[in-house]
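You will see two complexes here that share subunit A, one where it goes with subunit B and one where it goes with subunit C.
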Partner chain A sequence: MAATLAARDRRFGQLMAAPGLAALLLVIVFPILFTLYTSAFDFTLINPRHDTFVGLDHYARAFGLAEFGNALRVTLWFVVAVVVLEFAVGFLVALMLNAVERGKAVYYAILLCPLLINPVVVGLIWRMFLHPELGIANYVLGLVGLGPVNWLGDPTNAFWTLVAVDIWHQVSFMIVLLLAGLASLPKEPYEAARMEGAGTLACFWHVTLPLMRPVILVTLLIRLIFAVRTYDLVYIMTRGGPGQATDLVSYFIYRQAFVGLNIGQASALAVLLLLIVLVLTAWLYRHMRSLV
Partner chain B sequence: MRKLLLGTTILGLGFGAAEAQTLNILMESVPDTRFVEELLPEFEEATGIDVELEVVNYAEMHTKLVPQLVSPTGSYDVIVVDFYWVGEFAKAGWLQPLDERIAADGFDTSVYFDSLQDLVGQVDGEQLMLPFYNYAMGLTYRRDLLEDPAEQAAFKEKYGIELRVPETWDEYLQQVEFFTRDTDGDGNNDFFGVVNQGLRPDPIAMEWSNYLFANGGRFHDENWQPMLDSAEAVAAVEDYKRNLEEFGPLGAASFGFDEAFNVAAQGKAYSYLTYNMFRTAYDDPSQSAVVDMVEIVAVPNGGLNGAWGWAIPNSSPDPDAAWTFLQWVESPEIAKKRALLGGSPTRSDVFADEEVLATYPYYPALENLLATSHNFPVFTYTPQFVEVLGRELSLAVTGEKTAEEAMQTANAELEALLKQDGKL
Partner chain C sequence: MLVRRAAATILPHAVLVVFSAAILLPLLWVLRVSLTDKLTAYRIPPEWTEPRLDNYIEIFTAYRFADWFTNSLLVALASTLLALPLAVAMAYAFARHDTGGAPLRLGVLASQMLPPIVLVVPLFALFLGAGLLNTYAALVIAHLTFNIPFLAWMLVAFFEGEVKQLEEAARIEGATRFQAFIRVSVPLAAPGIMAAGLLGFILSWNEFLLALILSGRATQTLPVGLSSLETHRGVEIALLAAAALMAILPVFVLLPFLRKYLIKGLSLGALK
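Coming up: the complex of A and B.
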């Protein structure tokens, strides 16, 4: 009797999960498989048919594309910069906010504002702020005798300007996630540590960090994956320039698909990017778990 | 006109009784679109066809159009086509030839400028589009400064020639140098001889094309053999870089046309080489501090031509109504009304119209822009070539490549794209 009940429960569970799984199959698995399939054909929007099989040609060509190599390099630096900086800033702010007793809602509301703005709007606003001649950023710097800064017209500056705007936009995501983690930590280990005479720093290193590891892992992973996908900011603010300083890989793939109309080649690049992100994610996941 | 009315009456009989027809058109948010929008009630009244304009930014247009064009039935009855998509759209066979309709209704296409017919009218002898408006580039400059006797005397003393509307490229470059100044003595220039639009890909590629022509260079010869590794092309890159670095505002390497225009419109630059539609905007006090101080002239040796064309896509749900609209919007009456609102004409009869000339005394200068302009290479992979050119120019401007290196790469990639297209 008990077995049939369990079996029935299982069947019911499968039934309930089926629509969700079907939806995932449809919107995630199918497009990925279709991308894989398309990447092996000379499929362009001018001739949108799977009629010329090219095998792995698109993959081979991808490695010969100097622009793709550059885009991967720029993306790597960009991802490392935004994830590390946002994590550092985010964790610091989260720790400070965790100690706040009153008015937390107000801080939350202020912090969440940038996150609510569409990235395209963020890009447009900052382009205006950072106009070297007419923008407010250089005007304010001028009032205190600094500048003018060439925010987007110089390759190095443009890269770091992009990183800074991304931090402005996305750091609250880190804060909110880490803060939720901090708020859910048990009080007992801290009390025990205090009893043993641990100071604030020791508490942080030996209690907070180990307890927070799962949250930190998830936060970093999500942010990393999002950062690899960054496209809107570049599109609005720099178009990959000046030179090739901000040519992120998502924007490069977009150009292959919608400017070059070469969907086959773009699909191959997208598959490569997916593989890179998967490997990176797996490595980070294992590495963080082994740190126990 | 009678035929048009007759046609619309028949249409009205056919469909009017059932429900109102609606035409969907995708357009770019530019002044000329606004002028069409203002006149739409006349069309709706005359034909009973409702028009829904979907107006988006340039950056979104191509991405929005292509999926609609690929599918058998799209959502747009009429589209507008930028000249550098023409090769691609024609190759893909996305546009309906208009020749039969033109012949049947006696629509006169001989009034269009030849250079515009080449650019956004005919492809290989087939009329795929009607030229909508032109955005040939011209040199906008501060007339008030040019005509200032004190400036004229100082210029003559420095260069030994008169300060006048530039007729040669070297003369213009000297004026750019001459007008670049540090007016408040803080060691930084704050008035600039020129403002450039150095953003990748199309702003820099389009603007630099003028420098190429001005230096006597060309993109390719009559047989499509690329010519970007020529000494003229390299000199054009060097001119561009010097103007941007030494005589332009900080950050011009990242300016799109709106940012560059704002610098010029705020009275911070002597000149800006730009699309002719901005000539009208300089006289609009809501966006300009230099009303009545700016004039436009053709770039020495002729600048870059540019235009949009009307087209009926193969995926158009209602091509007959679309053609009715095209005949209306490109009729002499409506083309003239659009010009009177400030539009950039494509028809010679509009340029010759007395009322238009009385309203806009600078239209002969615009006509001259068109007459002397050169076309950008139009082939299947033009958008990709714009990307390549934009990237290489930007690399040269930021000093990551020399002018020679950049032009050699651009030349090689242009050649590869032309081969891919079967032009070579």
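Coming up: the complex of A and C.
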């Protein structure tokens, strides 16, 4: 009897999950299989047919392509820069917020703003501020005797401008999650540490950091994966340039597919990007389960 | 000692005020630009004029702002409302009966984390073949790719946090499994389902890459429409500022309903 009940429960679960899973198979798994298949053909938007089989040529070409190497390198630097800087600023602000009572709600409401703004809008308004002659940024710098800075016209500047705008947009993500982690820490370890005469800094190193480790890991990993996907800001602010200084991998694949019209090659690159993100997601999943 | 204590209370506020200013000043500047006339908007050093609302009216005549807005609303509503029942049922199965176990959960998480560029390449080729490019259907289908996994992943956390006793009581009184789900579990999870739905709506409202590639002139969503302004010759920044603020308005209107669920949404259910 118990066995049949369990079997019926299982059957019910399968029935409930079936429509959603069918939809996911159709809109996600099927397109990915199509990508895998297409990556082995000379499929272009001039001749959108699977008639010329090329095997693994697109993959071999991807690794020989200097531009792809560049895109991976730029993406790696971008991801490292935004994750590290957003974490540093975010953790500092979260610690400060956790230490105040008065005005906390106001600070919190303000910092939520950028998170809710469409990335396209973020890119557009910063382009407006950073215009070399007509932008307010260079005017303000001029008031204190600095600049003018060519924010988006020089390769190194453009890269760091992109990083800075991403920080403005996304640092609050870190703050919100790290603050949630800090707020849920138990009080006792701090009291024990204080009894033993530990100062503020010692408390931070020996109590806060170890207790926050799981939250920090999950926060960093989620942000990391989203940073790898960055596309909108590049499209709006730099179009990958100047040269290829901000040619993040998503933008590079976009160019291959919709400027170069080479869907076959773009599919191979998409498969490689997919593998990277899958590895990162599996890593995230393990840490998320340990948090619950 | 007193000095140190004073420093300890002032320092956090100093950091927070500087940080808040860095967030708020650019937004206030956009607001200011949106309220000036077109020529003043460009003047450096800035000049102050009487605030005016002309730009907010002109975005509807100079650009196809109303169309973009309607298209975004349509696509976001349709994809969220289609995804919601599928995701609710799936999340319930995961939470109560562990359907599919860890592999399936990982699959749903991975679906959600997929870079949009990975999906837009095949979707474009497939829609091209099926003659679906530039249709609303194409956009709605494309937005299901993130809305279904996002909602399902969020809702698993809600159903797992729910008490099972009421459901079991309903079962003992003779309700079928499905009746217990519809009459007990769903109403109990209703606030969470609403919040997840709003978050899904916002994801879709803000989505850019899929809409950029798969929409045509008639189906352009707001982010795509706005991005095209940037390539227009002689873009009017006063108009742009007004359009940008109008585009983010709906999200800010929804914010009060989300505050409680925002952390769960951002951390993909990992934190409360």
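One rule holds in what follows: the second predicted complex is superposed on the first by the 243 of 292 C-alpha atoms of A that agree within 3 Å, B and C clash if a C-alpha of one lies under 4 Å from a C-alpha of the other, contacts with A are read in each partner's own complex, and residues count from 1 in each chain.
We adopt the following convention: a contact is a pair of C-beta atoms (placed from the backbone, for glycine too) under 8 Å apart; a residue touches a chain by one contact, two chains touch by 3 or more.
Everything quoted here is computed from the prediction, not taken from an experiment.
Peer 1: Report the partner of subunit A that touches more of its residues: subunit B or subunit C.
Peer 2: With both complexes superposed on chain A, more residues of subunit A are touched by C.
Peer 1: Does the superposition put A:Val84 against subunit B (first), subunit C (second), both, or neither?
Peer 2: In the superposition, A:Val84 contacts neither subunit B nor subunit C.
Peer 1: Taking the superposition as given, does A:Gly243 touch the first partner, subunit B, the second, subunit C, both, or neither?
Peer 2: first
Peer 1: Tell me which partner A:Leu134 touches in the superposition: subunit B (first), subunit C (second), both or neither.
Peer 2: both
Peer 1: So, does A:Phe258 touch the first partner subunit B, the second partner subunit C, both, or neither?
Peer 2: both
Peer 1: Between subunit B (first) and subunit C (second), which, if any, makes contact with A:Trp151: first, second, both or neither?
Peer 2: A:Trp151 contacts subunit B only, not subunit C.
Peer 1: Touch check for A:Ala7: first (subunit B), second (subunit C), both, or neither?
Peer 2: Neither partner.
Peer 1: A:Ile46 contacts which: subunit B (first), subunit C (second), both, neither?
Peer 2: It touches subunit B, and subunit C stays clear.
Peer 1: Thinking of the overlay built on chain A, is A:Tyr235 touched by subunit B (first), by subunit C (second), by both, or by neither?
Peer 2: In the superposition, A:Tyr235 contacts both subunit B and subunit C.
Peer 1: Under the stated touch criterion, which partner chain does A:Leu56 make contact with: subunit B (first), subunit C (second), both, or neither?
Peer 2: A:Leu56 sits against neither subunit B nor subunit C.
Peer 1: What residues on subunit A does subunit C touch that subunit B touches too?
Peer 2: Touching subunit B in the first complex and subunit C in the second, residues 45, 48, 127, 133-134, 235, 258 of subunit A appear in both lists.
Peer 1: Within their complex, state which residues of subunit B touch subunit A.
Peer 2: Interface residues on subunit B, with respect to subunit A: 59, 62-63, 66, 70, 88, 91-92, 188, 198-201, 249-255, 259, 262-263, 266, 268, 380-381, 383-384, 387, 390-391, 394-395, 397-398, 400.
Peer 1: Over in the complex, which subunit C residues touch subunit A? Could you list them?
Peer 2: Contact set of subunit C toward subunit A: 8, 11-13, 15-16, 19-20, 22-24, 26-27, 29-30, 33, 42, 44-46, 83, 85-87, 89-90, 92-94, 96-100, 102, 104-111, 113-126, 128-129, 141-142, 144-145, 148-149, 152, 177-178, 181, 202, 205-206, 208-209, 212-213, 222-223, 226-227, 229-230, 237, 240-241, 244, 247-248, 251-252, 255, 262-263, 266-272.
Peer 1: In the complex, go through subunit A and note every residue touching subunit C.
Peer 2: Per the touch definition, subunit A meets subunit C at residues 8-10, 12-17, 19-21, 23-24, 27-28, 31-32, 34-35, 38, 43, 45, 48, 89, 92-93, 95-97, 99-100, 103, 106-107, 110-121, 124-129, 133-136, 139, 168, 172-173, 176-177, 180-181, 184, 200, 215, 218-219, 222, 225, 228-229, 231-232, 235-236, 250, 253-254, 257-258, 263, 266-267, 270-271, 273-274, 277-278, 280-282, 284-285, 288-289, 291-292.
Peer 1: Along subunit A, where are the residues that touch subunit B in the complex?
Peer 2: 45-48, 67, 127, 131-134, 148, 150-155, 158, 235, 238-245, 255, 258-261
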